[in-house]
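Comments concern the structure below.
The letters A, B, C and D name the chains in turn, as written, and every chain counts its residues from 1.
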């Protein structure tokens, strides 16, 4: 779960990490008022969950009231990489001499947290990581002990941070790590961590992603969760409880529904393999409750791009006849089936299941390969 | 460092462990007032750092105002195993059906914390440990991870706590462990942990000792430290900075001063070996600053039991001539040397040191054995 | 012969009194698994499906001489349950639970490094030795006994391939669903190692997916250490970079590794043919046997 | 030959810029110890007694190819300094600092179990191989090179015995002050093991004291494993039960072990004569050689 820059900075400030003076604004008037309060220059920053906001015109530096009004007017309400901007952070512009990067994340390969520090702050750190991996110093943390003070210092010195700053940066890194751990974060980054002419250090931008699976123990963070209202279909998916990564909209014409991420991905791959193009990824998970099946169908039916739907279920513990009844019940909820639906059932009692299915409403195929090919063909037919 | 029962209960209550209703009183009137406020029966408990207060008359159960006044009057000001009682805890008497024991301490042999639970609460747990070790369930804790919830449950079930109580006792044990860890405690014990007829669980008595070396990070606990004013000589030792275990008063007639616990203990052993009896253990530690030496001498001179003093210093890094100068300076501070002092210097520049010593004031011996024998003889002579 | 579990494995079910725990205990018993105890705090003395329940894993292991456990405990308490199982200690712990906070798993993984226990999962379908025992939620009826080992990050995809194997008369020695979470206990390499050491396994199917570098590392392991032939499959060839699909393991990082292409070529370079479709995987297995 | 340290040991001093650190660095250098670096955060680039200082132990170890450290860091920061040294990693870490909070030491001890590092101390005088190197605060001049190993929980008591040994012409292979704290790194048994394996050590003096059960355990080890003869000494015979004397290790517990009697009889039963006085210990060593 991502939280906004202003929320992350709130957490940082509370933990004792210095942040620029700032306030959130939801209207142009509010933004101008706040900007006037903070002495100019001031930055007006779109609060949306996308990277590269600056380049996309979502961050503007303003020198006076007039410019502030203009910038706030431009940014509020704009569409930024598909995201609607309804909030801006109005923030003191920090006069910096240097930009650093610090971050904490989980290294999945190692199974343990890693702290990262670089003198190459203020730019896309992923690019730095790829082009010049040695420009980022890394220190793995033993999750049993947490970050030792010496580790914070070590990674800061290894990154080549100036001796005069090293102690302060190490101390901020330690605080960031503890916040990361205490909040069940997945990523916590400060980029840039600005250094002023007086060697003050300020967290000028912040990324803070929280492990969605751990929200139950962080009610304060859970409150910050927002439905991604930027795409109607994704909003609908969320409403139907296909949360997170269970629904991904793509650009093709074959709608795909299945159970289990690996099997659904494989279905996508097969659509591609047989010359089609997937319209979405939709994993409805275990079981086959009629309502969930109906919701899945409604979601894919709502996708204008999808011209046909392949429904691929491997029964597992759940019996195929139960799944078939679920699908029949789900289909009953539609007055009309708007797009060709190809169903393939496998696993326990699959044959019984296929007999139960209403072949007037859906096309039944025995193998995954046949089902996918039928769906690709059906989509092509609709197209033509 | 030990803290009083009332202070420990304050910490427990703050951490969420149920404790009986109680208040501290320093005068008889205060005690009676508090006792009246709490409904009778009420316990009046001496707050001193000794075990077995009940048997020694330091705890009394009272049924009404009159009895409360009488008990408070008896206990306040009493001498309890050498300790002066200046405070009592006035506490709701809990009507219990069962008494349990829970505790957390550092297992030195294993180098890790251990949690202990027993159904044999309310008695001297050390005796239980010796007579029936299996009556106490133990669970070692990995200090890197802290106590897992399952470990609290496991040790509670292994101790044979009733199923109906197990969850609550485990939860209190977990809280106790966390308090132990967060406070740098050395021992945290609840004995008895009382069970009422309604299966409520209440910490009826509490022991909480804190690692003196860790007080620097617990200013709140450091404030609770008290000078043990119960023995004039020990109070003097504390004043002189021979804190904690560096000075121990004994009952013999040969005063002993040295540097390094092992060497001082060995000097005691030799006094005994040569037929004498040590009056004290005094380790002045490294270096040989005149003031510290003078303080040590003054302390032992003040001990009426000590008839002679053996001063045994192994120079180590510090040179023997420096030590000798220190001793000379120290002796200069006394108008008169009240007791025979036998000095033995060894190690670096010991011979130069022995030449420097003022043999009019002290007797110099070359070996430890000779010095101890001389001191034992001198003490006998004084005695005679 | 088989890997990790067989007729003799004595299994504790942690969380046996919950809906999932109870249902799958019945399924496991029906399959013939030697489920000897359940462990649920506060439920000691009860019985579920004829299996005695204990308050702690320690008690269950001691009283019933168990050596493995299957964990159906809800995510909030699963980390603790896994520590309990590792510390018992047991030889094998199968963590079915999905959605355990990652930092909890990271700490469990840290403890795991100090033990000799095999942890499978979390967020996995479990492990089965057809005809002998299954620990987890795999549908027993699609499996058949034989000489092909199976390792997979994905549940239903495993079933898909097993179903095809079985229907073509190719049985399985043991199938291990290692789980799709970012941090898991037994990984591809450890599983491959087990199958390599198992004389009853003549070929191995390895089903990977995009994200991470486990498949690349497994390919290097196959190249250097495996004499038993391996047939591969990689799901997620068409997944767009940066999009998450299903479990968190399936992220295409921007760099060269982690993509389907990188994984497929690593496996093929290691001599493990990678099928384009599940059916092709089964054909490859037929060729390898 | 010697144990743990010799001419080649390349030593970092942690806390070299403090008063103690600086003084003893000079003493160690004077003795001939190969002190190659200091490590103090924020002091990188400075020099102390001609020794270059680095900000981190990692830097110091890398730049100066060091394999050991001596820790003079104040108690509040010593736990962290020990983790830094263990994780570097170094082969040998000698912790002089007295008064480190016990829970900090307990965590360091926990980490130690996962490493191959030898930790000596904390709260110890250090280790010396006479004529080659000393790491710590032992007074070098009382030692002489020879064939008797020495292990002691107490500093000045060690000096007392060494002084007697030297004055009687009995030199020492290596002397280890293992420290008197409740939790220490290298204990009697580990030190005995090192001397047993050292061909240049023909006898060992072991100085214990009341409290704990380390001496009893060491006696069992001597009985079962030592061919090199051991002479013992136990301080604290006259300590009254329940009173603490000096460092925390010296507590007589109520039970049968931990008392001077129990330790003395355990050692004597293991064939290690225990002297009543330090002089008697030296005489026993003469007999054993």
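Here is the rule we use: a contact is a pair of C-beta atoms (placed from the backbone, for glycine too) under 8 Å apart; a residue touches a chain by one contact, two chains touch by 3 or more.
It should be emphasised that the depicted structure is a prediction, and the values quoted were computed from it without experimental measurement.
S.K.: Taking contact as defined at the start, I'd like the list of chains shared as neighbours by chain A and chain C.
M.R.: Per touch definition, common to chain A and chain C: B.
S.K.: Decide which interface, B-C or B-D, involves more C-beta pairs in contact, and give its chain pair.
M.R.: Counting C-beta pairs in contact, B-D comes out ahead.
S.K.: Find the geometric centre of each of chain B and chain D from their Cα atoms only, then give the gap between the two centres in Å, rounded to an integer.
M.R.: About 28 Å separates the centre of chain B from that of chain D.
S.K.: Taking the mean of the C-alpha atoms as each chain's centre, how many Å separate chain A from chain D?
M.R.: 55
S.K.: Two or more other chains in contact with one residue: find those residues in chain B.
M.R.: Within chain B, the residues that touch at least two other chains are 142, 144-145.
S.K.: Name the residues of chain C that each touch 2 or more other chains.
M.R.: Within chain C, residues 107, 111 contact more than one other chain.
S.K.: Edges wherever two chains touch, nodes for the chains themselves; is that graph a line, a ring, a star, complete, or other here?
M.R.: Its topology fits none of the listed shapes; call it other.
S.K.: Among the chains present, which pairs are found to touch?
M.R.: A-B, A-C, A-D, B-C, B-D
S.K.: For the complex, which residues does chain C have touching chain B?
M.R.: 41-42, 44-45, 55-59, 77, 80-81, 83-84, 87, 107, 111
S.K.: In the complex, go through chain A and note every residue touching chain D.
M.R.: 145, 148-151, 153-154, 157-158, 163, 166-167
S.K.: Which residues of chain A touch chain C in their complex?
M.R.: Residue positions touching the partner: 106, 108-109, 111-113, 126, 129-130, 142-144, 181, 184, 186, 211, 213-214, 216-217, 244-246, 248, 250, 258-266, 268-273, 278, 281, 283, 314-317, 346-348, 367-369.
S.K.: Within their complex, state which residues of chain C touch chain A.
M.R.: So the residues of chain C in touch with chain A come to 23-24, 27, 75-76, 99-107, 109-111, 125, 137-139, 141-142, 152-160, 163, 180, 182-183, 207, 209-210, 212-214, 233, 235-240, 243-250, 254-255, 276-279.
S.K.: Where on chain B does chain A make contact in their complex?
M.R.: Spelled out, the residues of chain B in touch with chain A are 142, 144-145.
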